[in-house]
Amino acid sequence: MSIFAGFGSDNHSGVHPDVLRALRNVNDGYVVAYGHDEYTAQAMKQLKEIFGKESAVFFVYNGTAANILGLRSVTDSFHSIFCAESAHLTVHECCGPENYIGAKLVNIPTADGKLTVDGIEPCIIGIDDPHMAQPHVISITQATERGTVYHPEEIRTLADFAHTHRMLLHMDGARLCNAAAFLKTGLHELSGAAGVDVLSFGGTKNGMMYGEAVVFFDQNLAKNFEFIRKQGMQLTSKMRYISAQFSAFLSNDLWLRNALQANEMAQLLAEQLRSIPGIEISQEVQTNMVYAVIPNHCILRLQKQYYFHRFNERTCEVRLMCSFTTQPQDVLRFAEAIRKTIGEK
Amino acid sequence: MSIFAGFGSDNHSGVHPDVLRALRNVNDGYVVAYGHDEYTAQAMKQLKEIFGKESAVFFVYNGTAANILGLRSVTDSFHSIFCAESAHLTVHECCGPENYIGAKLVNIPTADGKLTVDGIEPCIIGIDDPHMAQPHVISITQATERGTVYHPEEIRTLADFAHTHRMLLHMDGARLCNAAAFLKTGLHELSGAAGVDVLSFGGTKNGMMYGEAVVFFDQNLAKNFEFIRKQGMQLTSKMRYISAQFSAFLSNDLWLRNALQANEMAQLLAEQLRSIPGIEISQEVQTNMVYAVIPNHCILRLQKQYYFHRFNERTCEVRLMCSFTTQPQDVLRFAEAIRKTIGEK
Amino acid sequence: MSIFAGFGSDNHSGVHPDVLRALRNVNDGYVVAYGHDEYTAQAMKQLKEIFGKESAVFFVYNGTAANILGLRSVTDSFHSIFCAESAHLTVHECCGPENYIGAKLVNIPTADGKLTVDGIEPCIIGIDDPHMAQPHVISITQATERGTVYHPEEIRTLADFAHTHRMLLHMDGARLCNAAAFLKTGLHELSGAAGVDVLSFGGTKNGMMYGEAVVFFDQNLAKNFEFIRKQGMQLTSKMRYISAQFSAFLSNDLWLRNALQANEMAQLLAEQLRSIPGIEISQEVQTNMVYAVIPNHCILRLQKQYYFHRFNERTCEVRLMCSFTTQPQDVLRFAEAIRKTIGEK
Amino acid sequence: MSIFAGFGSDNHSGVHPDVLRALRNVNDGYVVAYGHDEYTAQAMKQLKEIFGKESAVFFVYNGTAANILGLRSVTDSFHSIFCAESAHLTVHECCGPENYIGAKLVNIPTADGKLTVDGIEPCIIGIDDPHMAQPHVISITQATERGTVYHPEEIRTLADFAHTHRMLLHMDGARLCNAAAFLKTGLHELSGAAGVDVLSFGGTKNGMMYGEAVVFFDQNLAKNFEFIRKQGMQLTSKMRYISAQFSAFLSNDLWLRNALQANEMAQLLAEQLRSIPGIEISQEVQTNMVYAVIPNHCILRLQKQYYFHRFNERTCEVRLMCSFTTQPQDVLRFAEAIRKTIGEK
């Protein structure tokens, strides 16, 4: 019997049929490589309708690259980048940012994955002192690695703080769609309109196959990005296939429908878990993640049937993810398995 | 009237229907991300059948990364890498290798894109002198950027030379399939069996959408590659889609059929060009590229209808590429256009 | 009236007359550059008498380089290095380590600048997970940036812990002499003999003009250091002048006499400060540093006459340094000034 | 009998007595570290009198760092730097520039070490093409590694060419003094006044112990240099000792007197060599280097008594250097030894 991987990550699901169809639809004929094609022009048009005419948008292969190369474009090697201690950027990129940018990641403890001015402010030290890394970027994740979201006004507050200190605000938007679905806002309201300077806009976790967009809300920040992307091993030759995916993703509210489905399934899962004695939901469930503390023996047994991760390998807090393909019966069956495991104690 | 891009690059063609079908065939259900899935296991099995059980194989997104990360794994920042002056590695990666590896690329002039021991030998200097970059890798391209191929015994000679000098032999095999099709050999005969240590095995130019393989013929060389790939922004989350492409590519001789078609079309094109007075074929046509010297006024007029590149922006030598989708009528129509343009002088 | 800089840093003092004399003594005649000279041979002999015949020793210009290049030699870009949150390495090198090595510095909070197994152990996570930086080095500072020292058995405990986890122990010994003077031990007892793998051995703060030594206690760790040093901009051409300084420094117990003087003056200063109401000594005084909390208004007034730093620009804890040139009357005069300032409130 | 090292390198000589005296003269008392001291202020004043008030000047430890950090300040990782094939930058820095800057060094063949517009112009390709390194800096060496010098108008021509193409002109001035002594010009005439943007101004080869200056003729180019220097491991703590050396070096024409002596001795050596049958002077002797082709058996015998290098380990062209300490009798004795060795054939 194979292990059910659906709650392990939103990367474990496949690709939405509309996206697959889009790949086929652009397959015929010759088009110039590296983005000089009509499909890319069309995707860029759609993205600029969302993120504004002043924005500069570029495709890369994945979120790691979107974050690292986006930050690389606006950061020098003697800068520091402030991020939550739990940020993917600092925990799960195998020190790619340090290696590629040179800069220092300053990890700020948070309870819920969300940075605040109060958390950052004491770290703004050493300005103009050549011995010290120079504060330059605040990087937030929307939705956070803890499944929580920043409200537009919270983003604005961080942006104003950043700009007041001549810093920039970067957003890792691998799950921006899930945040927007939760908040019932548009994508721009949560990024450029709220003061974000550079955004990684992700699609892979929400129904695409590969491909992310780096969005600069001020084109001056992007002036070397073409070189940085190529040198950074992230210029795809057959770009029409990333473009086609984004076009489909942004058409007919696909991004929103997928995100809503994932979020709803997380709510259902949380509801089920709350009803099980001995399990504690450990983070507010706002998007497609449920964090819960589960007894260790249950984790060990459940992992024989279900693939999922502990948040920290040393604790009993687990991360359960839903995706656009998660179905209510998947959730109910999983909840049943948990119930059973708890009872077996 | 749009410009015909088919002769501009083998990246201008689409994706083979078998490859597209494979993407659909693996789309259902949940699988663990980052390569821990059955489709990746299957592709790895096929690759190891070709490249040997001792090999270690990893997928990355594109050829730039396959070359840079493959070399990064076996090279330190104080090493030098010998390559042809025309190598993609040194000309068309926006100094990605220098930036990511630190090492020095030593460009060796060649007439036909092929390195020889005679060309490399005088550059083996400064051994153990800390002031000088230490010779460490010979990187060859198969087929070369000039469309020529290395015969297996030529590769063996370079490999022996490299190993005698405690160096490694790297092969950029973005068009390894075209070389094998020309030589009527297998893929392993031209790489591991001929002494290559690290291979970039490309599929994108020959019918795939994205994805390349880095093949280490000695697993010891690969011991850190998992970290290097992740840190290098090249670990794809939904890896099943690269794996599925490779599985299709390696099934039913698809790689070979595609390469043969591209090569044959280049022969047809060369034959046509040879029949046109005033045009000189400037490199031996062995794979899917035709290099020709064409009068400047023709180039300028042709480029209004056909997209193609000069080999060097300052000369009249042009590069014409065929791909697995090129059809005889495309070639004949293009030849006719050239003939007409020449006549118009 | 000029500001008295003597308590600002042990870098504010000059060079010991023995060291200056040594520079003159090696000045005549021609010697081969880059360390192939008899004076360097002599200094190396002295260093190996101290640190063991198995050690490999190299000179660089300064402590920044000793730390960064020493670590670079034993670390890959996907590794993590554990250090105290207050370590010079992470606070005062302008993210040089991240930039040059690529690795991640994991900052561990400490009360007194000293790492413990309990502090490090929870950070040893993600082994063999390619998403995460791989634990590789523990870096300690002896004496710490807080003026405290590790006892030999504390170093041994950290070394054993490191080695058990296939990690290495690095020591920033910019003030190793001061620690040895305090503990009444030899230099080797506090480094190689206690399990340290790589040491930065500093002289500049204790009477030299420039020059530090990188000591590898296992020569295998040093096999590429010649290249790393040259590439790292730290190979001095006229090396005889660093060598001569070290020879003098290691002769007639100069290193020890200088360190004792500096340490004693710190004790005197601490004693004076303890007698002043309103001032709190905030770290145990073991070497040549005194940390004290002083009312803000006093700091502001004192800084008009005396140059010194706050430990953190946002607090009233100040760092007062003594050096081998500090004299009792300097200390008494300074204490008097503090007393006066306190009284003026 | 020891080997005479005096003709091996101008780094083999000691330090001028005026420079040694200056070290002693600044030794007393406390001064603030890292350049915030009166001796540094004095040296900066002297340097700005020479190089202009608009210049920004910084001290580093050595020439490797002056070149690499100076270039790092004005170059991005996707740029290319044009230099002579024989430039120290590309031959003898163990690929430090590639490693630290990321950029590509484009080696241009020259007969005499001097770049010309005709040599560079064909390499200015790929502008705005993200696949290709972007031409950004021309780096010349004055005097060249071949002992030849650029006349001011030659520098101006290169500077104009660079600026016309939105590039910068960098000068490695490790032997700028020797060039100025030969041309009977000032230092500024050969650098800033001739259009140079960034200069490495060397003193170590001409009588100093250690220390070089990076001079930016436009302060905007230097705006991040303080951070780059610190991060680049090149901020000396006890800076007064570099400053004092430069002050002495620039006083009483010491730099000029030393350079004249070295140059004159090279002329004497060349004159002697010309009188020996079988020896060919292979480069014009303009500064303190003599290049000569000497029969192989003579080289082998001479190297038992005299330390010197072949220009290329595979040829019989040797490099003979004079310095400010070279005396006529040294030259005559060496010439005699050569004559004897030739005769012994």
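Some notes on this structure:
As written, the chain order gives the labels A, B, C and D, with residue 1 at the start of each chain.
As a working rule, a residue touches a chain if its C-beta (ideal position, glycine included) is under 8 Å from a C-beta of that chain, and two chains touch if they have at least 3 such contacts.
Just so it is clear, the model here is predicted, and its values are computed rather than measured.
Touching chain C and chain D together: A, B.
Of all chains, the one whose mean C-alpha position sits at the greatest distance from that of chain C is B. The centroid of the Cα atoms in chain A and the matching centroid in chain D are 51 Å apart. Mean C-alpha positions place chain A and chain C at a centre distance of 41 Å. Computed centre separation for the pair chain A/chain B is 33 angstrom, with centres defined by C-alpha atoms. Counting only residues that touch two or more partner chains, chain C has 34, 77-78, 93-95, 99, 102, 130-131, 227, 230-231, 235.
By the touch rule above, chain A contacts chain B in their complex via residues 4-6, 8-9, 11-15, 20, 23-24, 26-34, 61-65, 68-69, 93-96, 99-100, 204-205, 209-210, 227, 230-238, 241, 307, 325. Within the complex formed with chain B, the residues of chain C that make contact are 34, 76-78, 102, 130-131, 134, 224, 226-231, 235. Chain D meets chain B in the complex at residues 77-80, 90-95, 98-100, 102-105, 107, 122, 125-126, 130-133, 312-314.
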